[in-house]
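This report concerns only the one structure given below.
Residue numbering begins at 1 within each chain, and the chains themselves are lettered A, B and C in the order written.
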Amino acid sequence: MSAYSRFLVPLFLVGCAIFLLIGSLQSALFAQLTVSGLANGGIYASLAVALVLIYRATQVINFAQGAIATFTTYIAWQLMTWGMSYWAAFFLTLGIAFVGGTLLELITIRPVERRGNILTVVIATLGVLILVEGSVGWIWGAEIRFMPSAFPARFIHVRGVAFSLQDLGTIGISVASVVILWVLFRFTKVGLAMRAAAFRPEAARLVGVRVSWMLSLGWGLAAVLGAVAGMMAAASPSVLLQPNMMDGVLIYAFAAAVLGGLESPAGAVVAGLLIGAMLNLLGSYVSWVTPQLLLPTAFVLMLVVLLVKPSGLFGRTQVRRV
Amino acid sequence: MRAKAVVIGLVALAIALIPFVLSDYHRSQGADVAVYAMAILGLNVVTGYTGQISIGHGAFMALGGYTTAILTHDHGWNDIATLPIALIVGFVAGVIVGVPALRFHGAYLALLTFAFALAVPQVAKNYSHFTGGTEGLALPTHSGLWLYGVGWACVAVIYVFTWYLLRGRTGRAFRATRDSAVAAASSGVSLAVYKTFAFGVSAAFAAVAGSIYVLVNNFVNPDVFGLTLSLYILIGAVVAGLGSLWGILVGAAFVQLLPIGLTSSNVISAEGVPVLFGAIVILVMALVPRGSAEVLGIVLGLPNRIRSSHDSSTPHSLEAR
Amino acid sequence: MASLLELRDVEARYGPVRALHGVTLTVGKGEIVAILGANGAGKTTTLRAISGTVKRDGAIEFGGKPLRGGPESAARLGIAHVPEGRGTFSELTVWENLRLGAYTRRDSSAADAQRVLAFFPWLEERRNQQAGTLSGGEQQMLALGRAMMQRPKLLLVDEPSLGLAPLVAAECFRNLQVLNEQEGLAVLLVEQNARSSLAVSHRAYLLETGRVVLSGNSDEIASHEGVRRSYLGY
């Protein structure tokens, strides 16, 4: 069994890719659904990587990730409302997200970590969720607002199939942000230190890495990814800019993180894209899967994965630091 | 022992007499406090006593609430008669959820119950011919006094039941599973059975809470039982102090009455309430993880015996990893 | 000769349990000093107290100045601590482990890496191998290489021979000796293997239940009656 099981996961993924490809070639609708599904998936993937970043370092599930993304998206909206151009607002928001995420960890999580155990920190992140989502409602109110998009509402036609520029742009930006993050982790000193602090905090301290700073930085980067996810989500047709807009997305992101393996960023990306595409196709082709049932489907998926292969598609059963 | 009995007696007396000095509106708010008290008590049983975190209790409330709603609305049942049914439905659901929950600990369980809390309302919306969908179902109204009475009667029953349960062998088993899985297993306690039972009991309480909630509001629709509700129950439990029976009343009053008090006296706008609550949760976790039970113990100067019998452990032993 | 490291009446505890009851020792520049003792004598705790991994009371001076703070500052001051179990980052590659050694250095260069590779040439071809897949002896050498990248003034090594075959362990001690002779690196060595550590060190301290009970030149200690009976086996 184990001799073949190494190939199961890659085989499965290749199978999915082939399925999507062939379907797209056969049917215009399929192709469109796949692409827009991948766009959703890109959003899930970005948020999922943010979750993985924090989980990898601290074993904490950051329930507030979606709310933080919402907050930063509102900031972007506000900047644009004040007249800033889209891309200027976009990048400024990323900067604000980084600083904000770092500060948030410092102020709300650090004091709790010092005191308690994992469960207290998890509850604290729930507190942050309530606080941040509440802040959005407090500052901006609960009315639905309109979020401009980076991309004009045009379509690209390939072989007679129309793909929205918005979707393609979303896929592009999500993938780009994750790749940039990957480069950061792989090739910079800080990235190496963050990885070392995540894997072996005690050994990292011995070589001089300030582990708690690395943690704060991790939250900052996670917030940046969340901001990207949020801005893309708000611009997409299926999500409206309102205080609880990322609640559902968060669940899909959780599902992606779990499916990919909670400690594997690459897994989160692949799983996110996959979930996005598959759910979109499922929603259209299977009649009893109504839009309301998509979220419960994701829940069931998470449950099944955690029961059957908790380490996810890409996870290894690692020796846990106790 | 004496001091404890006296305090309990006084509190019970106060609860019984208060409605007579309140307006009808305030009485129904008192009933809401009862609802939270039951839900928080349920959460406490499963999280505080057996260390299984659940952020999905709003979903169990939904089950109870819809049971009552559908039975009274579509089948003309008497409201009170639906309560035992809700209890059973909740218990069964809790056991069904509790079985897979055994496989997960700590953060994973939190994750799944969180997703559960969001998924259930969606399912309710979907099968709208059954549940009335987003339009909801309307229910007969009752006087504030009736609601208050029924609500707190349920609380009393549940409280006594829980106290009795936790005293005996079951209680010891619960504490054993929370404090040390290894020790519990080796002493012959069947972890799985007790943990699942705890989940069932806790869900049953939440279901009854849901039924009363629905009766207080004379209305039910899926959004009533959304994520916010589950989070507020958690807030109440946190403020109450996990693993303690005392603080529950404080927690329930806090969650229900504080927002109303603050907004009606214009200290803070309605939108500001979640901000305050979030901040309080964080503060509590940072400063007094054992919640108001810890504070109460200190303020009332209760003898050590009482304190120690409730919190023989702090969240430190919610180590379920 | 002013000593590089000086401990005076250092105490340390793990929760309610006191592990060190007042340890006094010194390490001079360019010296290899061994700490001997049975399990639980406090040898590892002593190293942890120095690097700041565990909280301690009492005076510790490094290079004449008081040493405070956690391991992060000790590393910046020039103390390299190779802990029990090597402290290699199993999930990272060999090369990344080495890079981490130079983390605190502002002026690190290719020359540092060259030095380490000259010492352990086999590291070059295994650059991209995951450190966790190396053998015990190789991980020990990697840990040493990483410490070298730090260009420390003092090297704290905890039980390097643990789990290693005798030949491999012997090579490890030889490496320490060469490093000491070639670079003047001061080493504080904790070892249960009394014979090897006495052979390679200049001076030694014997710890029992968190106190120094014997100290002196290594050859003197090696021929000491009590030590011979209890720790050297003859």
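Note that in this section a contact is a pair of C-beta atoms (placed from the backbone, for glycine too) under 8 Å apart; a residue touches a chain by one contact, two chains touch by 3 or more.
The structure displayed is predicted, hence computed values, not measured ones.
Student: Determine which of the two chain pairs, A-C or A-B, is joined by the larger number of C-beta pairs in contact.
Tutor: Answer to which pair has more contacts is A-B.
Student: Farthest chain from chain A, comparing Cα centres?
Tutor: C
Student: Using mean C-alpha positions as chain centres, tell me how far chain B is from chain C in Å, no decimals.
Tutor: Chain centroid spacing, chain B to chain C, equals 55 Å.
Student: So the centre of each chain is just the mean of its C-alpha atoms; given that, what is the distance between chain A and chain C in Å?
Tutor: Roughly 43 Å separates the two chain centres.
Student: How far is the middle of chain A from the middle of chain B, if each middle is the mean of its Cα atoms, in Å?
Tutor: Chain centroid spacing, chain A to chain B, equals 32 Å.
Student: In the complex, go through chain A and note every residue touching chain C.
Tutor: Within the complex, chain A touches chain C at residues 189, 192-193, 195-196, 199-200, 202-211, 318.
Student: Where on chain C does chain A make contact in their complex?
Tutor: It is residues 51, 53, 70-72, 75-76, 81, 83, 87-92, 96, 99-101, 103-104, 146, 150 of chain C that touch chain A.
Student: Can you check the complex and tell me which residues of chain A touch chain B?
Tutor: 55, 59-61, 63, 108, 111-112, 115-124, 126-135, 137-138, 141-142, 244, 247-248, 251, 254-255, 258, 290, 292-293, 295-296, 298-299, 302-303, 306-307, 310, 320
Student: Under the definition above, what is the set of chain B residues touching chain A in their complex?
Tutor: Residue list for chain B touching chain A: 53, 55, 100, 103-104, 106-108, 110-112, 114-116, 118-120, 122-123, 125-126, 227, 231, 234-235, 238, 269, 271-282, 285-287, 289, 315-316, 318-321.
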